[in-house]
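Dropping a structure here in structure tokens format, bear with me for questions.
As written, the chains take the letters A, B, C and D, and residue 1 is the first residue of each chain.
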Amino acid sequence: MKSSVSIEMVMLLAGLLFALGIAGVIIRKNIIFMLLSVEIMLNASGLAFIAAGSHWGQPDGQVMFIFILAMAAAEVSIGLALILQIYHQHQSLDIDKLKEMNG
Amino acid sequence: MMLALLIVILMAGGLTALLAGKWNKSFPRWIALISSTAGFLILLLFWIDQHQVVQVSSDQNWLVQYQKDWILSFGITFHLAIDGLSLLLLVLTFFMGILAVLCSWEEIRERTGFYYFNLLWILAGVAGVFMAMDLFLFYFFWEVMLIPMYFLIGIWGSENRVYAAYKFFIFTQASGLLMFLAILGLYFIHGNNTGVYTFSYVELTGTVIPSQVAIWLMMGFMVAFAVKLPVVPFHTWLPDAHGEAPTAGSLILAGLLLKTGAYGMLRFVIPLFPEAARQVAVPAMVLGVAGIVYGALLAYSQTDLKRLVAFTSVSHMGFVLMGIFAFNELALQGVVMQIVTHAISTGALFILAGMIKERLHTRDMNLMGGLWTQMPRLGTIGMVFAMASLGLPGLGSFIAEFLILLGAFHAHFWITVVAASGLIFSAVYSLRIVQKIFLGPEKGAGHIPDFSRREMVIMAALTVSIVWLGLYPQPVINTAKPAVVRLVQLLQPDSDIKSEQSYVR
Amino acid sequence: MDIAFYITAAVTVIATILVITRHNPVHALLYLNVSLLSHAMLFYLLGAPFAALLEIIIYAGAIMVLFIFVIMLLNLGKETEEQERKWLKMKVWIGPSLLAAILFAEFLVLVLWSESAAFGPKTVNPREVALSLFGVYMIGVELAAMLLMAAVVGAAHIGRHKRLVLHRFLKEEKEEHEEAVI
Amino acid sequence: MDNPLWLIPALPLAGFLILAFGGSHLSKKMIAAAGAGSVCLSALITIMIGTKLLSAGPDGGTYSQTLWTWIDVAGFNAKITLTLDALSLVFVFVITFIGALIHIYSAGFMEGDKDYSRFFACMNLFVFSMLVLVLADNLLLMYLGWEGVGLCSYLLIGFWYENPANGYAARKAFTITRIGDTAMAIGLFMVFYQSGTLVVADITAKAPELWQQNETVVTVIALLLLAGGVGKSAQLPLQTWLPDAMAGPSPVSALIHAATMVTAGVYLIARMHVIFELSVVAQSVVAIIGAATLLIAGFTALTQYDIKRVLAYSTMSQIGYMFLALGVGAWTAAVFHFMVHAFFKALLFLAAGAIIESLHHEHNMFRMGGLKDKMPVVFWTFLIGAASLAAVPLISSGFYSKDQILWYAWGAGGGSPLLWAVALLGALITAAYTTRMMILTFWGESKTHIGHHPGKRMTIPLIVLAFFSLVAGFIELPHNFGHFTLFSDLMHKVLPETILRTNVSSEWMFQLLAALATFGGIFLGYFYYGQQPQRIENLRQNEMLAGLRRFWFSGWGFDQLYDVILVKPFVFITRINKADVVDKLYTGIVSVTHALYRLLSRTQSGSLRWYIMGMVIGAIVILGIQMML
């Protein structure tokens, strides 16, 4: 079951996924897609933690992943509630139209 | 115990007024009047009772003190004490307090509970500043008087009140923080020197500080007091705050808050840093003179009555600064007199401005004129206090300015000559006030009522005090004497008082 | 076993790319699910079976369901697809994609140029994780509990169906605007 | 309080207090009674005490009474102490006696004014302050009176306050005298630090030991005190306020701006004569100022239209004589001229006031005329006053006092022929403008209708003053006829005797020349105005003379000069700095902060994509830096 992939490769994968997540957040105008992309980024960082944890043989990596998971759950529930509310109030999910908090 | 009681009376009065204001609009003012009068009577009785002690006890530092532990781990105690100087200022505080309540009697109609709460808490803060013998406690009271004042200007002021309130707050707060830094610096230096970390004034007085550091620490204190006093480049908050504040606010600003600056210099700057103070004496005197002349020039050009009076304060406070740094008994006695008389004379002018505003609904002097015809009483009183402001002999201000100039003359000839020109400028602007408001052809149409009975009481009290101080200032001078003599001894440790007294060649 | 890793990695990347490019939200969601499952596979390969399980149960299971609920609630169907097609134009995505590419390039350089260490992934079993979680990281667990609590309350509050409510600053502005119109 | 000395100032003070606080509730009769009565009582007490002092006075010839300690700080000790010696007695007598007469006159003069009680309150306050000035035993108390009279002068010049011009004149008077007062205050500081006291008697006693003759310090002190005197007494260069001060009611001009306050400078210098004697420079400055003022004021008086302004300039000129006398060391002569001048100048002003009031407030002499027969009482009393002013020999008191000064201007220790020549020219001009004034006012044809005639309350003081103007001179007669020296004997208790340079026997020569000057002046006035008015018209046609006349008319351009070099720049500076340039510093800080805020708030676009973009770029930059390292 042991893989002998170098840590660099795993980290690169995490980096690639993270970059894809960022790209998703920036290029999409629909808030739901942005939220999905954020999930991708969270997962990417989780992946990095787990890789590091297994590299050192320490449980801390997984512990961090669990925290990320808890945070993601919280974030998604609030985020989705907000999306619902935004949709009710503005009848749109276009992030470019929601610019009321400009300075 | 009496000292703590004074503060408790005011603070409790303030809270009661706040609560009572919820269900009746006129309760708070009665509560405020009663509590300030009570404090005034206590102090007056004390003064009369201690009359002998006050004048004789030059060996004993404090007339009465009160000490209680507060935050022991930082060496902070609740230590109040007064000597003659503080006693005078306390009497003044409560006197001004009563007048402030009386002159807001009709003026303030909204949120009276909160108004009198603020008023009484300012008084409590000022009284605390005059009594605190612990630097931390001092700083605490210093802040206590700022915040209610901010509300007083910001809520009950006139059109431009928010700007004025912010300006006042930022100036005083920023300078206050510098002072707090200096206090902490002193605290740690003393702690390092002796191993005892304490904020106690008595302990800190003897701290040995390297002269380079002492200058900086003193500057921290000086800036706070200079902004309060105000000394010339830091004076610009004053006209705005005075101009926009309600009458009682201006009265307390001019009568008490400015005096805390002078008191701070006398009580803290000189005793804590005598060496450093001596080094900056000449520049400080020059700043004082700059204040005298610059304030007077600005006063002359103002058209807003309250701003004008505010600039006259700048001019008069220049005398105070000059007198403090002249470092001799004559000038310091003059400073004490100036503190007292300026509170009365400028306070009276502000009250007059408030009364005129109540009647004409303007502070613009171009819209006034010929008020004497309809209001001869107001005109007469206005004349008296314009004369006090220009230093007419027979009124208290003259004694103050004369003693300061006389003392400063001993310290520095040319500075005093320039300062004396302030007498001419003060005549110019004071007469302009009288001319613009009371004399000339009548401008306002319609009937304007002269003083009411309440207003007569306020003005009579002020007039009697200023004339009394002008003709028989000895009680004040004697009361302040032990404190002043100690200051002089501190500055000239090698020469005893006797030789200081004789100026004969 | 390298080959398994590389295949899973490829699946993950492709699924992720599809997530961010699909027009239909449901399709995107399904690809995300695939991506998450392959993540779980990766975790397993890296010696973290417990994390892999959690990934499947909580992420792919619970959280995705939430998304589906919302998409259903908002009734996003064909129109959304059209809308997305309209929104997702070349000039919109090209710049950000470049930025992301640069970022990745930097990762690449940094990772590849750093001194590589021998990698022998070790399996960390749930027991160790639990001991660590409820030992050293106790405070973290408590904080996470509070966070979740707050999230539940917050979501319940925010998600309540309310009238159009504006912040008071915005409201004043709006009123002024209306007055100006009148 | 066994000595009633304190009552002399206390009575007018009581009058002031009654009128100031209860004035609005009293009837006009009661106001007049309180106002005039208090001063009359005070005059009676003065005569009583004065007689006692002269007949059976104490050894030093001085009554002294300490009321209370005013200030006592660190060796500086000022008491409220009243002192009456021969010098102050003369002043107190003049103040209370003439003051009482003027108060009685005012009761009639101000009858129609709505502010009757305010007028008397101010007048009483003035009398009080003036009495404090002359009775003060120390310089600080004297300064109190000194400023007090300035205040009352201000209040009374601006008495009719509805007219802004009066207010301006009042402020001008106060401000200009304040300049002198400030210099004087600095002088007091110097005196105190030099001698350790401000008590006049102590200074007098110590002075010869403290200072050497002509020491710089003493010269400076003397000059500073002189500046105070110059301001109060309207001498060069602080003289410009006095003509404008004529805006006040005539009794005010008579009491304050002729008889008493303006001579305070003379009193001060006479009081501090010890200091002036120690400095030759200071004393010659006094003499030169006096001489210059008497000449300039005299020429100006020649060209004025307004009868009160003529009198104002003549007052300046006469005080110039007093300063000249003080400057040459003829102390007694100065005080003697002060007393005589007080009588006749008060008389002239009161009479002028009566004329002005009768002619519906007409001030211009060229619109008067022909009053000789219509107002006989006024005419005869005015004539007596004018004769004294012109110093008509033998019969008028002015002759005896002025002749003495003329003689001392040459003959006394500090005198010189030049000073004498100036004084003689001044006498000629004085006679000329006096004649001009008389002729224009009383002769010729009537030009303005007379409204009403002055009542008894106004005429009786005129007659009394006229009587004194005639006889006051006889208490001091020259050496060559009579040699009656009652006044100087009295004065010599306080003031030193005048030291003479030249032989006494030549005095008659000077008297003859003085008499000639007077008659010459009278002839000149008669020649141009009385005999043939055409002659003055011819003179006016001449371009150069017209220019000269304008120059004289404006008071030798001093007003314009001060306006350009002092008033305008001051007003300009204050105007441009109204908003306080220092405040710009702080508003500058505020605007910099505000500009930065504007700049940064641009970045808060509200667009989420923009923010994320920012974060990404930030990440790129940080990683980039990492790569560089």
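As a working rule, a contact is a pair of C-beta atoms (placed from the backbone, for glycine too) under 8 Å apart; a residue touches a chain by one contact, two chains touch by 3 or more.
Keep in mind the model is a prediction, meaning the values are calculated, not measured.
Peer 1: Could you see whether A-D or A-C has the larger number of C-beta contact pairs?
Peer 2: Contact tally favours A-C.
Peer 1: Can you compute the centre-to-centre distance for chain A and chain D, using the mean CA position of each chain? Integer Å is fine.
Peer 2: 95
Peer 1: I'd like to verify one number: the distance from the centre of chain A to the centre of chain B, where each centre is the average of its C-alpha atoms, in whole angstrom.
Peer 2: Distance between chain centres: 63 Å.
Peer 1: Compute the distance, rounded to whole Å, between the mean C-alpha positions of chain A and chain C.
Peer 2: For chain A versus chain C, the centre distance works out to 3 Å.
Peer 1: Mark out which residues of chain C touch at least two other chains, giving numbers and ranges.
Peer 2: Within chain C, the residues that touch at least two other chains are 96, 99-100, 103, 107.
Peer 1: For chain A, which residues are shared contacts with two or more other chains?
Peer 2: 22, 26, 29, 100 - these are the residues of chain A that touch more than one other chain.
Peer 1: Counting only residues that touch at least 2 other chains, which ones in chain B make the list?
Peer 2: Not one residue of chain B touches more than one other chain, so the list is empty.
Peer 1: Each pair of chains that touch: what are they?
Peer 2: Once each pair is checked, the touching ones are A-C, A-D, B-D, C-D.
Peer 1: Considering the complex alone, what residue numbers of chain A touch chain C?
Peer 2: 1-13, 15-24, 26-30, 32-33, 35-37, 39-40, 43, 46-47, 50-51, 53-63, 65-67, 69-78, 80-85, 87-89, 93-94, 100
Peer 1: Under the touch definition given earlier, write down the residues of chain D that touch chain B in their complex.
Peer 2: Those in contact with chain B are residues 20, 24, 68-76, 80, 118, 140, 143-144, 146-148, 151, 154-155, 158, 161-164, 167-168, 170-171, 174-175, 178-179, 181-182, 185-186, 189-190, 192-196, 210, 570, 573-575, 577-578, 580, 582-583, 585-586.
Peer 1: Which stretch or stretches of chain A touch chain D in the complex?
Peer 2: Contact set of chain A toward chain D: 22, 25-26, 29, 34, 95-96, 98-103.
Peer 1: Which of the residues in chain C come into contact with chain D in the complex?
Peer 2: 96, 99-100, 102-103, 106-107, 109-110
Peer 1: In their shared complex, at which residues does chain D touch chain A?
Peer 2: 600-609, 612-613, 616
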